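Multiple structures follow.
The two complexes that follow have chain A in common; it is paired with chain B in the first and with chain C in the second.
Then we have the complex of A and B:
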């Protein structure tokens, strides 16, 4: 019973982190139709910006996280505006552009910070305990920030004119453009919003796990898996799928071990996709 | 002096000058290229960078002496490197890449997956390879040009487990390692040695690339072990495992019968107070001033800080021995002759001291370069130090 409850707590923590990552990934596909292979790079970059802000600039951790969000959002918006925007309808070209950006980011981090993990600790330490159950406070803080960020994003997309404009562009770009929506302005903002979410996750999560230039490698795989399971382009689907992935990973690893657990996760996703090839919320997939 | 005689004298002087110039040119243009093959990025980067640093130091030492004497030629030594990212395919590609640049001698690779990937390709190119790794088949009679920088876990695990049991009195251990050859080959040997000392051992494996070990930690602690051993988990992974073990309430000692990386483990775990009670296999007696002098030599010759990982001190012996064997064989191209010379070299290093060629009983071939090693210990959050353990010849 102890292991069952502990696995549940771990699953919630993992699910929240995966949701934040998957939201940015699915947002870019849903609105622009671009698969962002640089998503893991923005995660790692967010971690390093926060690390540099704390260790070199001496900023308090919350401001360092804010700096990471601003830096990754700005880089994403500029990259979209000056490079992706020119080829936004060419899927192969945008794939190469984002993959190339990932290589540039990870190699740049390697050159600047070196290959070894720096000492980067979460400012909130300690563990809540109830009998044999435990919850590190840092995980609790990350969970709360993730929940707040997901809620804020939902409000932004579904309750503001900006969100309505983005959804209109996602539904039908031509009609939306004739109605006065400006892709040249809105696309960079959407891209920056998504990369800012990746940067936020990196700044929050890497002090809990580990920071290295290759920290983004597994992030891309997890984000891709989650978003495909939820239905490419679906915000609700990404959140639900992230929770499923988090729980499957936690329970399978605890009860079946690290090797079999990883296998079970992929088999579960495969089975779900066989039943629903468009993903759990496939109806919301952006019309190509 | 007659006209003909004058001409002869001039001709003789010119000829002598040409001969001298040609000879001097041949002596200075010869170059021996050494390949450094290993992980230069990712969680195992510490090991690869230490290996690269050792190759560069051995080359700098040789060049500072005026180069290697290879037959009648005086050759400079240069080092080319390749980042394998700790993968078999990366290592195989690296061997091809380095061979295409004229490399005949490889220092590395470090890990078992890399060694498995590199061996067939290196054999095809007839390269001499000085590999590390704890693979059960790291070397063997079928790989006569592959040497092992040891000793391996079959040599160093028994004395360390005996000393750890004396200190901590444990009765059970859970060993955690990656689920590829780099983890399974060493964890299974470690487990066997623990059992030989009357300690119940369980093995737990994880997918390389795992970023959050909380589920693995929960599973490890379900068997209520007295000790958790991180074996050959890369230092970055091991540091996170240690941190999450402590968060989960595990207060027992943590062992590490695997690759070195204590500094990074302490850093990622969150400090020596978090690590608290820890014992590990150290590749060299790191508190010996002669061993530490290698780092001073590195600073002096290469004018920069040496790599952090203590593997530097072990790898430098392998690189030095390779260069000595090239000189003794008198060839930088015939790797069979260099290998024969290497087998005959006595294992004696100015910094690490006397060692022995081992490997016959475990690998079936006496090509394991075994040198004195150490056992490190942290007790109650205090660094106790590294104890020297000598090896015996086979």
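Then we have the complex of A and C:
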């Protein structure tokens, strides 16, 4: 029982991280129709910016996280505005542009920071005791920040004019454009918002997990899994699917061991892709 | 009138096959182990890139090449470990095993297009890699398979560096011939599918048949590349067949140019050689690939092969413009 609860807490904490990543990924696909292969790159970049801000500039951790968000959001928005924008309707071209960016980011991090994982630890240490359960504080902080970010994003998407405009563009770009939405402005903002979320996750999570130039590889795979499970482009689906993926990963590592959990997830996703490409909870937002 | 002309080989197909024929001489032309090693890796990269090229002809971007490479590589190596070392048997096996897997698989995944096809092939590669790790009895799991007997040709052992390279060159030649035959024979069918699949289908093209054929052959060629890789490294290991390799082969095909069979060959030749010359800085090759990928996507959609063809056209153009038929190329382009 004890083991079960501990795994559950790890699962929900993983789920919250995955949700932030998947939300960014699914926003970009839903609104622009672009598969962002560089998503993991923005995650790793966020981690390194936060690390550099703490270790080189001596900033306190919360400000370092903020710096990571700003840097990744700005890079994402600029890359969309000046490169992706030109070919936004060509799915092969945008995949190549984001894949190229990912290779450049991870090689750049390697060149600047070297292959070793830097010493970067979470500023809050210690455990919270609840009955017989020991909860690592760092996980609770991450969980709280992720939950707050998801809540804020939900408000932004569903309760503001900006969010309404984004959803309109996702629904039908032509109609939205004739109604006065400006893709030229909104696409870079949406892209920057999404990459900023990836940077936020990276800055928060890499001090707990590990920071390395290739830290983005598993992130990209997990984002793929999550958004397919939840339905490409679906926001609620991404959150639910992220929690499922987090739980499966946590419980499988305790009770099944090895890569069985990953295999189950991948095969599930394969079946979903073949039988119901809109995902468990999604409707088809956008044709491929 | 010229009903059979579509299946005729163009200059590019002949050039591709001639290049691989010439490479057959390399094992005897040089004893330099570095050159032999680079050529061997170029050949493997080119085979894998040809597999990606076939799929790109139908506007499908496949991340599944490493999965089929693994199937071909493991199948061939397992055969040698069970006493079948004759290359005339194991090379066909390395083609057929992935091709036979691709046939039913194609029925499932070829219904998907665009990004969904990309994602499903990405997932396939991840799944196969996990399966390789999780089946140590059959595939050696995380240890891979090593120490298998060298392949033989009619009883002669092909174990020295020269015969390993010669075998790789022969397989690459075979892969080029198969790719050239397939893409030339179905040039118009593939072009119709690439252009507009729904329209092609409504005009009576049995799209499914050509896509399945392309998928099966692409899988088989990837399988030969997988065996060639295992034969060079003297081991097959799950980490040789992951997403990283999928990205590399796609990069070869796209940077080389997806419009011509010479593209993937040029891309693999250039990029494998460049990453080799980076030597100790080999890890930076990925960054270079990334920059080139962005550059090609933005300014030279035809890749190296497309840029060379455009350059050749431009060099020839002034002569044409001098004549009275200067307007003809414009008219031809407008009518195309």
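Note that in this section the second predicted complex is superposed on the first by the 271 of 288 C-alpha atoms of A that agree within 3 Å, B and C clash if a C-alpha of one lies under 4 Å from a C-alpha of the other, contacts with A are read in each partner's own complex, and residues count from 1 in each chain.
Simple rule for what comes next: a residue touches a chain if its C-beta (ideal position, glycine included) is under 8 Å from a C-beta of that chain, and two chains touch if they have at least 3 such contacts.
The structure presented is a predicted model; accordingly, all values stated were derived computationally and were not measured.
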| item | value |
| --- | --- |
| Side-by-side fit of chain B and chain C on chain A, or clash | clash |
| Partner chain in contact with A:224 - chain B first, chain C second, else both or neither | second |
| Contacts of A:95 with chain B and chain C, given as first, second, both or neither | second |
| Partner chain(s) touched by A:181 [first = chain B, second = chain C, both, neither] | neither |
| Touching partner for A:127 - first (chain B), second (chain C), both, neither | first |
| Chain B versus chain C as contact partner of A:10, first or second or both or neither | first |
| Which superposed partner A:259 touches (first chain B, second chain C, both, neither) | both |
| Touched partner set for A:59, first chain B, second chain C, both or neither | neither |
| Contacts of A:141 with chain B and chain C, given as first, second, both or neither | neither |
| Touched partner set for A:74, first chain B, second chain C, both or neither | neither |
| On chain A, the residue positions that both chain B and chain C contact, one per complex | 110, 115, 217, 258-259, 262 |
| Footprint of chain C on chain A - complex, ascending | 29, 33, 35, 83, 86-87, 91-93, 95-97, 99-104, 106-108, 110-111, 115, 217, 221, 224, 228, 232, 258-260, 262-263, 266-267, 269-270, 273-274, 277, 287-288 |
| Sites on chain C touched by chain A in the complex | 59, 61, 108-109, 111-120, 122-124, 126-127, 130-131, 133-134, 243, 247, 250, 254, 283-284, 286-294, 296-298, 301 |
| Residue ranges of chain A in contact with chain B within the complex | 3, 6-7, 10, 13-14, 110, 115-119, 121, 125, 127, 129, 132, 134, 136, 209-210, 212-215, 217-218, 249-250, 253-255, 257-259, 261-262 |
| List of chain B residues in touch with chain A within their complex | 40-43, 45-46, 49, 179, 204-207, 209-212, 214-216, 218-219, 222, 235-237, 239-240, 247-249, 264, 267-268, 270, 308 |
